[in-house]
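One chain, subunit A, links the two complexes that follow: it is found with subunit B in the first and with subunit C in the second.
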Partner chain A sequence: MNDAFSKCHPLVNFLFFVGAIVCGAILQHPAYVAVGTVCGAVYYVLLRRSKAVKPMALMLLLALVMTAVNPVFNTRGEHVLFHLLGRPYTQEALVYGAALSGVLLTMLLWLGCYNAVLTGDKFTALFGSILPAISLLLVMVLRMVPNLMRKTRQIVGARRCVGKGTMEDAPTGEKLRGGVTVLSAMTSWALEGSIVTADSMRSRGYGATRRSSFMIYRMTGTDALVLTVMVLLLAVVITAVCLGQAAVAFLPHLTAAPVSWGVCAYGAYLLLPAVLHGKEALQWRISRSGI
Partner chain B sequence: MKKSTAVTLLVFFLLIPAALYLGLQLPGRSYYLTATLIILEILVPFFLAFEGRRPQARELVVVAVLCAIAIASRVALPLPHFKPTIAVIMLAGIAFGTETGFMVGAITALVSNFFVGQGAFTPWQMMAYGAAGLAAGFFAQKGWLPRKPWALALFGFFAVMLWVGPLLDVCSLFLTPIQINRQTVTAIFTSGLVVNVVQASGAAATMLLLGRPLLEKLERIQIKYGMLSGGAH
Partner chain C sequence: MAHFQIRNLSFTYPTAKGKESLRNVELTIERGEYVVLCGKSGSGKTTLLRHLKPMLTPYGQRWGEVLFNGVPLQSLSRRDQAAKIGYVMQDPDDQIVTDKVWHELAFGLESLGCEQKTMRARVAEMACYFGIQDWFHRDVANLSGGQKQLLNLASIMAMQPEVLILDEPTSQLDPIAASDFLNTVRKINIELGTTVIITEHRLEDIFPYADRAIVMDGGAVVADDTPRNIGKLLHQQQSEMFAAMPASVRAFYGAGGEGECPLTVREGRNWLSAAFPTAPQHSEMIAPALPEVKAPALSLRELWFRYEKDAPDVLRGVSADVPQGSIYAIVGGNGAGKSTTLKAVCGICRPYRGKVKVFGKNVEKYKSGELFGGCLAMLPQDPKSLFVKKTVREELQEMSRDGEKIAAVARLCEIEPLLDSHPYDLSGGEQQRSALAKVLLTEPKLLLLDEPTKGIDSFFKEKLADILCKLKAQGVTVVMVSHDVEFCARYADAVSMFFDGQILTTDTPRRFFGGNSFYTTAAARMSRHVFSMAVTAEDVVELYRKNRGEAQ
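And then the complex of A and B:
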């Protein structure tokens, strides 16, 4: 994947997503929700390209359904649009439903971006020096799962060779018994293997002294700059929220604080990864046309 | 005072009230955020206690293997929600004690989401699975959990129905963008009931078929290599 933000230091990535997701979950002011959803969608599309279409269509459908459903359960509000099953269906409840759905949509989009950017290796690299034992645990589990799957296929193959394999059309009970035998054999093998691994680790000095950790990612000048800009923008957003710029009440009638500089700062913060992505794409285009 | 004890006290008397206060101050409905903050604050002391113990290589690798088995069984079985995962976690708790049970559960939830994608429910799942492992270990240690297939199966079934399932339902309730009132709560819990029953029967079936053999294997390793004493014998 060719994304400039993904190449930044994992700390920058992690802090950005914490900020984006927490703000997305808290802020319900329509302007903030709209900015959050649009920025999340832009970066999601930049990251996943054509693969973004299907999940985004599903998310949008979910949000629309949730918006339409909210007034059914919530009948407060002043402007009655129509009556459904004898209960009022109000405009305010519909807007409230839209805002809540927007919050959900924003969180889903940013989590989708998080999964693409902050992969397992970056996560363990980030926490390797703070939580050495748990990071080591995570790395070992991540390696063992494919290993176990491979071993399972070998066991199944070996059983088939001695006529113990279960066919596709075998009765469910037989399949289940076969599965249990395979899982049982796999467990024995994995547990015995784990002891060998552990003894090997000990004889190579694991636990003898404090663990040192190797960080493959370095904090570059760009990372520091991005981090500074991020923290400043976030500070502006927090100030704006504390000043009541994101205050909103939906029921019984809609009252929202006027749109101000807080939204701009929020938008700028959320667009950082997309801007980095665009800047690199542009640079590449210019340097290529220079050849 | 041990460092982990100090952290636990700090969490319960300072951080959780602080999170509740913050949740009240936040605009709008921040149930999800407040609850997630509290869950993270409960998870952290467990992880710190594990770090603080400086786990031996053998303990570390066995925990890793148990997690890997739980995850592989989740990925490998093609039936939706009908998975042996929670049963494997609870068996780990029974054989190796409460702390290992908790770690296996929490790490299994975290790492299996590296494979299928992290979601807003990850901390909740870590809490639910970890507590299931912890509870199994606790009941076994107290001797309240006979090692008979039917008893294990019943325990597995009710652990999912009464704890794991409802906790995840509360998470989806907080995430669903609708007004929370009696009707919506009923709607969410009813829609979650089917999944919970399937999940609970998966755990019960695994306990019934695999409970005893797997426990015997785990205990054999323990006795053979004299490790992780802390579980019930």
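And then the complex of A and C:
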């Protein structure tokens, strides 16, 4: 994947997604929801290309079903469209359902983007500088699990080859005993290994002084610029929300604040990754045609 | 001023009941020296090395002192001792702390609280020097053993130590990775002037380059001289350690050579050229052709296997016939599929095509319990994977209730004094023999060994060879997979070359190694211009003496 925003500093990535997902969850104003969904979908497609089609179709289906189902349970609202099983099916409830499923759709899309952009190592790198000890612990645990599984497989294989493997048709008690033996052998083996790991850590100065944390990602000028623009836009959005620009009531009848500059700022914020992506693609095209 | 000065150091482990692990050790190591420490397993090498690094010094009673740059080692701060004294251990995997290569490289620097800028520069520098840049972002789990050990070395060198201490760093590596690693260590010593103190079983690769060799026995230093003189000394003393010397040294003294002893293959060749200016009368070892195999103990036909559906094939049509009552060795590069072949025989891996027949019967047709109870057994590469109890005796009792049988096997494997020890307290060679004893209690007629000589010294190798020969005499068929060409050349009846997922050639060791010019033993490389089919130091000695005996 060659995406300009993914190459930004993890802090930029992380803050952007926090902003996008929190706003997406809170703002129910139809205009904001629409902007959120469209921007999320654009970036999701840019990230996943042809692989985006299937999950997006599923998400859309889910949203449509939710929209259609909401008025069945919620019968409030002034404009009755028709009666279903003797209960009114109202226009307001339908719009409310659409807004709710739009919120859900937005969050799903942004979470999908989050997963593609903020990989596990970026996450640990990000929190390593804030909580070095805990992040190191996390890294070691992550490494330990596959190690233990490999050792267990080796022990089971080795025991099988000396006729001590448990057969599939063995009684449960015997299987259980076999399992306990393997588990205890694996534990002693792992403990033996952890003594070596501890020696290796101490001999490389672990605990000698306060740890620092190696950041493989560097904050560049572009990162700082993107971060500044992001924070400014987000501040504008928050101001707009505080001024009541995103106020909305669906029931008993739809009353929404008029669309204003707040939505534009929101859209600009959410389009940032897509803009960065497009800018880089364009630059490549130009520089290639220049050769 | 000497870099390390060890003054009259003695040490006893608390559990050793007064038996000294180090006895009056008196040593001086100069700045920039390359010192190799040799001795049998349990001679106190590791204990001595650990005394040179305060963080790793074992608990126990101690006399004497160790000076580092003229000051007592204990007065060094934790920070200084971490930065100035680097220590590489045996196990490549357990030494690694983090999950990413770049993080591991930075680990020591992070511990020292280095600044971001310094860390960046040092990590970059190390990655380039050690050729790590191509796998800088990889997960540690996806590295080979050799790469892991190189990473351990690099992450220690990142702290720019003055001294590098290595405790059998290559014992878990295959020969190619091992010699790569040792070359890197040598490069560090020569290019950076870092003092190197190393213990090793594979003296062939180190001896020629070391400034000094120190021989230990029973916790005491018994010899301390240049490698050339050490060879001579050990031969004069008829020491057991002489078996660990490079092939050229063994051949030279075995043939009764006088003067400068050859240390490398090149020097060995020159020595033989000088000894035989014209073609010698007896120039060939007797090497009968491999007899045709009738009623094979194990027969493989066109095995094909891959680990995952989309992965490349590991076995690509493996076929072989192993004669009954012989020692059959399979050699070949790392990751070629040798171990997988053994796993396929045991049914741990199921080939998707081909047949495995054990004593003429398809393995699939054996009933469960019948195959591994008295017919087939395998000794895994890592003996630790077989240990499940608290003592070796309990391990053996798990396999058999018959006390006499246990006693007989313990005698055969020479582990009687170890029966009450915890398996994890044993040395590599002792663990190997205990695991072998456990395997032998199933009374297999066909014994499979996966890298049986990995991590054990030359002394234990000979013991292992004795055991294998005794088993062969009892009619047991042994199939082993090994990197150790010297061991296979000496003890196997037939050797197969594994390459590209199949067995390409099979022959007797003499014909096999005598015909190869690269993939062969040091003795063969040294002598092939005057003798043919001489593949061990003993062969070279035999031909040398034969020719000399008639010339005089």
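Just so it is clear, the second predicted complex is superposed on the first by the 234 of 291 C-alpha atoms of A that agree within 3 Å, B and C clash if a C-alpha of one lies under 4 Å from a C-alpha of the other, contacts with A are read in each partner's own complex, and residues count from 1 in each chain.
Everything below uses one rule, namely that contacts are C-beta pairs under 8 Å (C-beta built on N, C-alpha and C of every residue); 3 or more make two chains touch, one makes a residue touch a chain.
Model, not experiment: these values are computed from the prediction.
Asks: In the superposed arrangement, does A:142 touch subunit B (first), subunit C (second), both or neither?
Replies: The answer is both, since A:142 touches subunit B and subunit C.
Asks: Using the superposition on chain A described above, determine whether A:25 touches subunit B (first), subunit C (second), both, or neither.
Replies: After superposing on A, A:25 lies in contact with subunit B but is clear of subunit C.
Asks: On the A-aligned overlay, A:220 touches which partner chain: subunit B = first, subunit C = second, or both, or neither?
Replies: neither
Asks: Please indicate which partner A:209 is in contact with in the superposed arrangement: first for subunit B, second for subunit C, both, or neither.
Replies: The second partner, subunit C, only.
Asks: Report for A:260: first if it touches subunit B alone, second if subunit C alone, otherwise both or neither.
Replies: So A:260 meets neither subunit B nor subunit C here.
Asks: Between subunit B and subunit C, point out the one touching more subunit A residues.
Replies: Looking at subunit A, the partner in contact with more of its residues is B.
Asks: So, does A:163 touch the first partner subunit B, the second partner subunit C, both, or neither?
Replies: After superposition on chain A, A:163 lies in contact with subunit C alone.
Asks: Which holds for A:228: it touches subunit B only (first), subunit C only (second), both, or neither?
Replies: Touch status of A:228: no partner.
Asks: Classify the contacts of A:184 with the two partner chains as first (subunit B alone), second (subunit C alone), both, or neither.
Replies: Touch partners of A:184: subunit B and subunit C.
Asks: Of the two partner chains, subunit B (first) and subunit C (second), which one does A:197 touch, if any: first, second, both, or neither?
Replies: both
Asks: Return the residues of subunit A at which the contacts from subunit B and from subunit C coincide.
Replies: 132, 136, 140, 142, 147, 184, 188, 192-194, 197, 199, 201-202, 206-207
Asks: Quick one: in the complex, what on subunit B touches subunit A?
Replies: 26-30, 32-33, 47, 50-51, 54-58, 60-65, 67-69, 71-73, 75-77, 84, 103, 107, 110-111, 114-115, 117-120, 175-179, 181, 183-184, 209-210, 213-214, 217-218, 221, 225
Asks: In the complex of these two chains, what residues of subunit A are touching subunit C?
Replies: Listed in rising order, the residues of subunit A that touch subunit C are 121, 132, 136, 139-140, 142-143, 146-147, 151, 154-155, 157-165, 167, 169, 181-182, 184-185, 188-189, 192-194, 196-197, 199-216.
Asks: Using the touch rule from the top, collect the residues of subunit C that touch subunit A in their complex.
Replies: 53, 55-56, 77-79, 82-83, 86-87, 89, 91, 93-100, 102-103, 106-116, 119-120, 123, 140-141, 152, 155-156, 159, 343, 346-348, 368-369, 372-373, 376-378, 380, 382, 384-388, 398-399, 424, 438-439, 442, 448
Asks: Please name which positions on subunit A make contact with subunit B in the complex.
Replies: Spelled out, the residues of subunit A in touch with subunit B are 22, 25-28, 63, 66-67, 69-70, 73-74, 93, 96-97, 100-101, 103-104, 107-108, 111-112, 114-115, 120, 123, 131-134, 136-138, 140-142, 144-145, 147-149, 152, 176, 179-180, 183-184, 186-188, 190-195, 197-199, 201-202, 206-207, 241, 246-248.
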